[in-house]
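Structures incoming, each one as structure tokens.
Each of the next two complexes has chain A plus one other chain: chain B in the first, chain C in the second.
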Partner chain A sequence: MTAGEVCSTLQNRLPEIKIELQRGQVGDPWILVQPADLLTVLQILKQDLGLNYLACLSAIDYGTNLGVVYQLRSLSTKFEIMVKTLTSKNNPLVPSLTNLYPAAGWFEREAYDLLGVNFQDHPDLRRIMMPEDWVGHPLRKDYQPPAEYHGIPCDRPDTHQLLQQLHITQQPDKVGTTTTSEVGKTPAGNTDNPGSKSPLE
Partner chain B sequence: MTKLMIETLGTESTVVNMGPQHPSTHGVISLRLQLKGEVIEAIDPNVGYLHRSIEKISELTQYTGFIPYTDRVDYLSAMFGNQAWCMAVEKLLGIQVPRRAEYLRVIACELNRIINHLIACGTMAMDLGAFTPFLHGIREREKVNDIMEKICGARLNYNYMRFGGVSRDFIRGLDKEILAFVDRFKKFLPEFNRLITGNEIFEKRLIHIGVISPELAIAYGLGGPNLRASGIDFDLRRDFPYSVYPEFKFRVVTGEGYRGEVGDSFARYMVRIEEMEESAKIIRQAIEGLPEGDYQTKLLRNPVVPAGEVYSHVESTRGEMGFYVVSNGTDTAYRTKIRTGSFTAMSILPKIVPGLMVADLVALFGSLDVVAPEVDR
Partner chain C sequence: MSELEWAEGIILPTKIDWLLNWPRRNSLWYLLFATACCGIELMQTGGPRTDLDRFGMVFRATPRQADVLLIAGAVTYKMADAVRRLYDQMPEPKYVLAMGSCANCGGLFQKGYSVVKGIDKVIPVDMYLPGCAPRPEALNEALLNIQKKIENERWTLRKNMDSEKLAQ
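Entry: the complex of A and B
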């Protein structure tokens, strides 16, 4: 079964619900549903089409919207589809799938932690990767890390600036002396030594 | 007097932190246990200690530059991270991988599977107090590591695959060396089985412990050996064929009640042992049928990927490893989500652990073969 067939089956079953089949320039197609219709659609997918395995649940920051993407699979008839729902970034509310697919429990915790999607009726929605008192959702595109966390500075030195400083302070190599850049290298005169050759050659 | 003390004091549950630095948790994972005596009433796995934000790094690194990071998702089976990522980007770019490269990938992946299962079975025995099998496993693993070093130049974080192929071809004589290893390995497995699998104490620690029913395994999204040990005949290599796996004959090992029942810890252990055998079979077929040709397609070093979304998955050693990649038409991914087998295996713990003894939790945890960096990414 392809995503197009699944989409038309769904549309026939639920004529009053808006279901769209979308795809990018390349890659897999997906079925777009509204968050309010999500549970109805997934119930049909699970019970009637046998998509009983939630392979993956991801959340994405699309700028103004947050997307939640479900990879559903049928282990018996061996096909899989991608279902997506979009919610506003200011009030991201999506129904939880924990009753349909218990595996969603932890996936949703991760999506909540890193992207701040609120899952309605989730039994245990708390952070999973970040500490519990962390502020903000790090995978959002507009996320600014805090200056410090319990006295630990979170900012990093500017790598480009650091490299420039290193180049400025590095002295030019003098002929005949071992400089820092040569440490660990084989001395130039020793290349014929068979012991220095890689065993793979 | 003693009786009086118990009556007046009573018993109450205690909360114990198992980890984050506990030898049996295989990495930095903390399990908060609520105990009544030695019986676990509730468990709250506390993960995230090894969160390295690899998904965020993928949004800042070019597609090619992210390949070495995929090694670090699961350091014990780095080849599968490589393959899943490369397959995702190849799907977006529409690249055809040469047949020889696909064969080289399969050989490398199956060798990696042997490495991983040797460690899994060895550490599991070590958790239960048997140290010798671990050393035997490590000894054999070193031999595969030597081969891996000759394949890709690294022993742990391989960084072997490239978009449209692999980084280098086999050096001369390596195919014979791998075949010789496969022959030796055939003798090693019975030796390992004699050493530990038939051991009565080992078996008694595992049978009927942490039984996962097929329904539960599907509901919690378990994958790989953990799913198959519950009696579900499913393998991505066969059921969603990728690479050149359809060209090989191999058996999908499905758990049965070896000594106890389907889905117990011993079944998970046995599935891994038998899978090593199957991997060796695949390697032999791949070496014997290794076609001539290119090992890489010519490709720009930093490809610009058209906008699109893709989900690619491979049968990793710990279940499904999936990369959901969203591209926005530049040379850097817009979003990458990495789905790993250990994550779902951890999420099932609160469901099956209550009622077990603490010592049984160690056996169950070992049989699930969870690797902490893969949970946290």
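Entry: the complex of A and C
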């Protein structure tokens, strides 16, 4: 069985539902379904085609849309297939698979935590990795980290800028011969700069 | 011992600071706590090859009996609350060793969304140990440096020491 055969089987069974077979530049093809039809399609895949194992559930930020990817596998025939669905980023609503595949529970919590996909009818949809009171979904492309969390600053000085400053004041050929005007360029806080010592010390 | 034979069992001339610091630095119990792969090096350091036991350093499974908190590995914001709580549960005087790049500054993960950019933003740190991960020999030396730090503490001037610690 190939992904194309699965797709045509599904289309024959469900003629009123839009099911697409898509193909990337590399890798296996996948079946794209609308979120509203997801449960119907996956029910057939699980019960009639024997894809009884949800190997992975992940989510992607495509910019304007969010995608959810289901990797299904048959434990008896070792056949694998990928199912994708697209939802809008502003109101990402996707039906939960927890009734069909109980393993989806924590996968969906992860996708909710990191990308903010809302899974309808999930029994316990809360964050799984980030703290409960975290704001935002970190793996979204437009995510901005907070300034602080519980009093811990989250920002960090630009490392490249710091290195450049150090490079200016600590050039190897100037060590030991630095004049007072160059000492003034030393960044604040870096008072133990070896370049500022006189050679006699 | 020969010069002390005259006073055997009667008197031992010493300094109060030395007397108080000597048992403390030779029984540095560290908390059995690690957050990432530096913990593997910590286990190796406690093992028979590096053998921290010979310096009186043994691990304790509760912060209430620990003197040293080893931050071995990256700490996430979610874990930072727990780390602060462990630190608060340790009795004074207590010492913190930031082990490895992640504990020092976030290390490899410093641009990530979840890792604290240095444990010194959460709790005061006494000693920074660079490395990714530091070898057991390096950790051993860092702990010996904490012993040296304890050796130089002046309990008779405790008031000044507290103000120094507050200024950190």
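Worth a mention:
By our rule, the second predicted complex is superposed on the first by the 171 of 201 C-alpha atoms of A that agree within 3 Å, B and C clash if a C-alpha of one lies under 4 Å from a C-alpha of the other, contacts with A are read in each partner's own complex, and residues count from 1 in each chain.
Here is the rule we go by: a contact is a pair of C-beta atoms (placed from the backbone, for glycine too) under 8 Å apart; a residue touches a chain by one contact, two chains touch by 3 or more.
Bear in mind that the values here come from a model prediction, so they are computed numbers and not experimental data.
More residues of chain A are in touch with B than with the other of chain B and chain C.
By the document's definition of touching, both partners, chain B and chain C, reach A:Pro138. Of the two partner chains placed by the overlay, only chain B lies in contact with A:Tyr101; chain C stays clear of it. By the touch criterion defined above, A:Met1 reaches neither chain B nor chain C. By the touch criterion defined above, A:Met129 reaches both chain B and chain C. In the superposition on chain A, contact of A:Leu21 is made with neither chain B nor chain C. Judged by the touch definition given at the top, the superposed model places A:Cys56 against chain B, while chain C stays out of reach.
Touched by chain B in one complex and by chain C in the other are residues 129-131, 138 of chain A. Put simply, chain C touches chain A in their complex at residues 77-78, 80-81, 106, 110-111, 113-114, 116-117, 121-122.
Listed in rising order, the residues of chain B touching chain A in the complex are 47-48, 51, 53, 55-56, 91-94, 150, 153, 171, 218-221, 232, 234, 239-240, 305-311, 313, 320, 322, 324, 326-327, 329, 334-335, 337, 339, 343-344, 346-347, 351, 376. By the touch criterion given at the top, residues 129-131, 134, 138, 143, 145, 149-150, 152-156 of chain A touch chain C in their complex. Against chain B, in their complex, chain A makes its touches with residues 23-28, 30, 52-56, 58-61, 69, 71, 75, 78, 80, 82, 101-103, 105-107, 114, 127-131, 138-139, 200.
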